[in-house]
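Chain naming follows the written order as A, B, C, D and E, and within any one chain the residues start at number 1.
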């Protein structure tokens, strides 16, 4: 399926709230894992079924259930039933083509995000949808496939570094959000490196590959921009929204995420500007080079075509060509030829072509 | 009539509220059909006249009357009389060149939409105007011609899938709106495919057809954009507006439609960006190719023009040309020629033209 | 005077409220006409002097006085005195370079508009300033010259079609506004036709006239845009403004005018986009054609220059040129020439130039 | 000093409120003049020192003191002391690089403006800073040098034309503002004339001077725009601001200045659009011309290179060239040459190059 | 590390509030200095440790502690403890990749700024992060390295010039802010000079270096813009924000800084416009020059190719070429050649190529 339009046509017209998985099936096995902690206490385990996690939930402790793989509609339905999730939310979780958004419900806060990856071999950015359900003392995270950018967060929970073990569920949600936004910078740095490589090589050698590299970077920026822009609204909304799921302390940290998001957008915009400047530089380099090619051709042709004509004239076989018989005829012709060449060179000199 | 400006001049200056059909007559026969349902009860039938539907209307049941073909002014007037529709609304229904909008009246909510189609043979998007009149327990939909994107909705009503049979008239209006917006994605996917086909082929072979394809896609995007942009305001307005015709539950579903509309706009904008990048790529490919052509010409001409001159010199017929009589004259000339060629090749090498 | 800047320098520095006619004198004779109606009653006549109309004014009846030609400062002053018009308003009426605006005074509402015309011979849009003074039961309209787009309105008054005879003075003002905005579509349709003609012909034959046509249409769009944009604010302001001169019923009709103005702006913007796409198409067509010309030159030159050199070599007159004496020398040369030509053709084939 | 950045580096880091003259010293002698009037009474005189004006100030009369030349820091300090002007205001008056702004203090209203001039010889727009201090019955105006656009205002005061003699100090300030904004139109008209001259000449003859003219006009527009844009905010602020220095009547006149400012901005923007369209037209004209040049070259070269080759072949000196001995050999060669030429011409005809 | 993306990946995923220095280590030794003053009293000294400054802090006096070098995490932590600074603030101070921002805490106001420098050798702008902590009677400033733009401020404190000695801590913060913003103008002036140098040289000689200069200036503008834009929000926020750390008097001075920031942004935008105009001028200069080159080539080739053909014809060695034997054959050929040349020259004259 194309990266440009991922909204599949197969849901068009189906009843809202109908649970259909939309998107590529990126993993075969659905994998559930749980981290449960409260101060010094920490339980980390894989889950066979979602119902085994339920007894853990209690006030004062934080339970993070991560689901890798969202194509198993039955499982999602079961989770929906157990955690009282609205059918529309379940539909959104299954639909991997959602625009980043946040929605506050009575019993939970629902956030859809895009986690971006950089595929080094193809130089392609890919986005994976992350859905977060933030309840009172439980956080559900849904991923399209295994593998994420949350490892440092898990590490912090395991080691009890910082305030994460004591700071509750909203802080955990913040930490995940922060990890995702931080990862945008990894991507931006990669693109920044490609931009700088381009900028350096364009001076020496503007070859054909360059114009494709310019187009490729631009395409990636367009793609990244589409993922990051809506995030600004989402974080701003979380900041302002008087929902009971985000405490005041976490709100202050969210302000930091907001700053980072704005800065990521700033960087994308200045990359676009830089790219557009490079495009102009590339085009004028091409034009310039063409000019140079043309000059060489013109100089050579303009010098030799007239003197070839002179040689041609005295190659004619007329019976009566008095010059041919002259003693110094041949020498004179050479002098004329040299005069023409010198005149031409002076002309080019004056035109600053040499 | 042109797709660019459809506001016909024939109404210019006519009295407002005058019922005149504006637009192409896309169908010959006007066709009326009704779906009437309330829970398990379902009546679906064609109507001979609009008055036969009236007795069906009652609280608790939903009646959807669909009119295919709006050129029959008398019929529209009759419907207006029977359902107490304002003359200005009737005028808007008849005028197929309306901008999408919504207007709340005391007795009904009036929404004008554009349903888009993709004509696969011409690769042209066409828009058909849909007018919805949402009353208390009746929904009137006016189409320019038979054939629409509502079949899945009808199917859901027939099979009683989801909440549609029980959810009232506003939910039905939402379902139609949703079907229309979903269909925008079908169009976008088609355009996305054309964009990607373009992107792939541009590397191999930037031929003349490509520049027309770029222009064609851009033209379609401009057209689609003009249809979709106003829709955002319409849906946002329906969401915010405190009109009594849209219940709170349906409002939540409308938020979904709003998200989809925003996403469609996002996609159109990134298509435009992509297209503009492709246009740049195409132009620099053309420039590059010209450069290559010029180089070949310059190399050939620059090598052969000087040595042709040498040959020309010794083709002259002067009586006194000492070189002609020399023993190794001919060989020397060949050596000179080879030297010139080698010098030229080295020059091109240094210029990186070879 | 130039169409680009019409604010004449002659008023610069004159006292505000000084009555000076600014603009071209488009008519010699000032012509006053009146339509007076109240239900079935209708009087339509030319006026010799403005004072003859005064006795007609009475509550319940609508009097429309139209003045064609505004260069007669004395007359404007007299009208100002009789109808208690503020000197600044009079100055604005006389100044044909005003930006569209509306101003509410205690005794009247003042609206300045631009009525556009399409001059078919020059393909130029021209704008004429219309000033409306809407009092309690009188409407004054000032035009630069005779000839307007109000004929259908007059016809409706004469025939008593629609609600115009009974709907009061504000409705009449609306009707005039509507007639002006409707006429923008006539212009847009003309431009749309030129755009489509351009689009069709660009494929076949991108000649020099096309680039002027592109520029001309763009110039007209810039001009039209400058007239239409401010109108949006004016109509929006009339809609919102709590002035006593516009009744609620007429307000609803004004909403229609607002929709049309927005749609006109939309259309102008998409015309601009289309034009910009056509400009790109035109430029790449030119580039492409240049490429083709260059290819033909390069193919011919690259094939014949080397073989001409060969012929040149054997045209030399050295005494000792062994090949010249060979039995199959001439034939061999021909074979070499054919080999070169075939090699070149294969080279071009591989380059896809043939 | 450059017109692009006039903020001098010499103030960087100096204490705020420090009085330093920043800018070019445009005049040697500082000149003070006063106009004092109240109804029929009028005193106009040059002042030797600012203190001589003080006794004139009284309620009911208006005193306008104009200072030409602001490099005399001591004088400015003295004025500041006498009229209770804030040190920051004095600093702003001395700094000729201010952005247009207005600031309300307790005892006066401070407005900074840019008066533009058009230097006809260089075709350059220059801006001079005007600072106005509007007190209760005194107006101070500071100019960089003698010579301004206020002469018509002075004339109106002298002749007592209009309401100026009786309308108080705020009206005088308005009159000066109006004179400055009116003068923008003089500049715009000059630029408009250059644009139209450009537009006309581009069709006939797109020479090198044209591209510099395009750049020059654009540079002037950028400069003018930078002066005019901030003015909009200033006037809008004066209109809204509840400061006691501007009476209600003058407010109404200011609305007129606001309209003019908006219109000036509109005109600048449409000039930019027009210029950009002309730039495109110029570029495609250049491209087109290049195309034509190339065609001529290609036609000539493509016709003569092949037939020159034929002539070259029969110029070879092989002993065994049977054609050379044929009776009709020469004639045949001519026929072949003619055939080639005709074939080529037909080819060009088909390509529509002829 | 690249100047384009400075947000280091090494913090990605680390716990918020974790103190890690992010950025280049620009200095080896951390240097602390203090200025303490209150009216006539002034103590200026280097500090060995931050704790030695603490006893100085007292109401009525202002203590400015400047820290050059922020890579010493232990020191920053100690300062944080001593001055009750929030961990998130400390993290921001250590992270040199912050976007300019201001945050009000209960005990202090935190402002992050970018101080720009112009490296004359590389013509590169570099930014250094300045963090200000404004407490009740203490101001902490953190710099990445020694060397700043605050020397004039220090000089004013030392000499007691202006109001700085008596005006409190907020005024000092304002003075630093003002010094930073003033320094933007130094940079802008440098760029302005480069722009003008470019503009002058483009007329004479559009060489390859120019297109790199255009790109370089644009890159610097993009970089500078990214630093200055967020500053506007920061200053606007400081102006509006009801925080207790900025007194009303200082607020008035801040308005001045705000004006300067806006003006800097204005200047950057008009530089961008100017640059874009120069880019267009450069491109059309290149195009024009190519055109001229082509014309010379075409004129020479078009004149000589046909006459060379004529010479070639009479160089053929046919036995029966009657012209060769004619008495005036040679002369006739010369006349034909001259006729062809004259005809060509007239053709070029008519085409305005000569």
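Here are some notes:
The criterion applied here is as follows: a residue touches a chain if its C-beta (ideal position, glycine included) is under 8 Å from a C-beta of that chain, and two chains touch if they have at least 3 such contacts.
Keep in mind the model is a prediction, meaning the values are calculated, not measured.
When the partners of subunit A are compared with those of subunit E, no chain appears in both lists. Path length between subunit C and subunit E in the touching-chain graph (shortest route): 2. Subunit A and subunit C have Cα centroids separated by 41 Å. With centres taken as mean Cα positions, subunit C sits 26 Å from subunit B.
Along subunit B, residues 283, 287, 290, 294, 297, 301, 305, 308, 312, 315-317, 321 each make contact with two or more other chains.
Taken as a graph of touching chains, this assembly is arranged as a ring, one closed cycle with exactly two partners per chain. Of all residues in subunit E, only 2, 4-5, 7, 9, 11-18, 88, 98-99, 101, 103, 205, 208, 211-212, 214-215, 218-219, 222-223, 225-226, 229-230, 279, 282-283, 286-287, 289-290, 292-294, 296-297, 300-301, 304-305, 307-308, 311-312, 314-317, 321, 323-327, 329-330, 333 touch subunit A in the complex they form. By the touch criterion stated above, subunit D contacts subunit C in their complex at residues 149, 151-153, 156, 161-164, 175, 178-179, 182-183, 185-186, 188-189, 191-193, 195-196, 199, 203, 252-253, 255-256, 259-260, 262-263, 266-267, 270-271, 273-274, 277-278, 280-281, 283-285, 287-288, 290-291, 294-295, 297-298, 301-302, 305-306, 308-309, 312-313, 315-321, 351-353.
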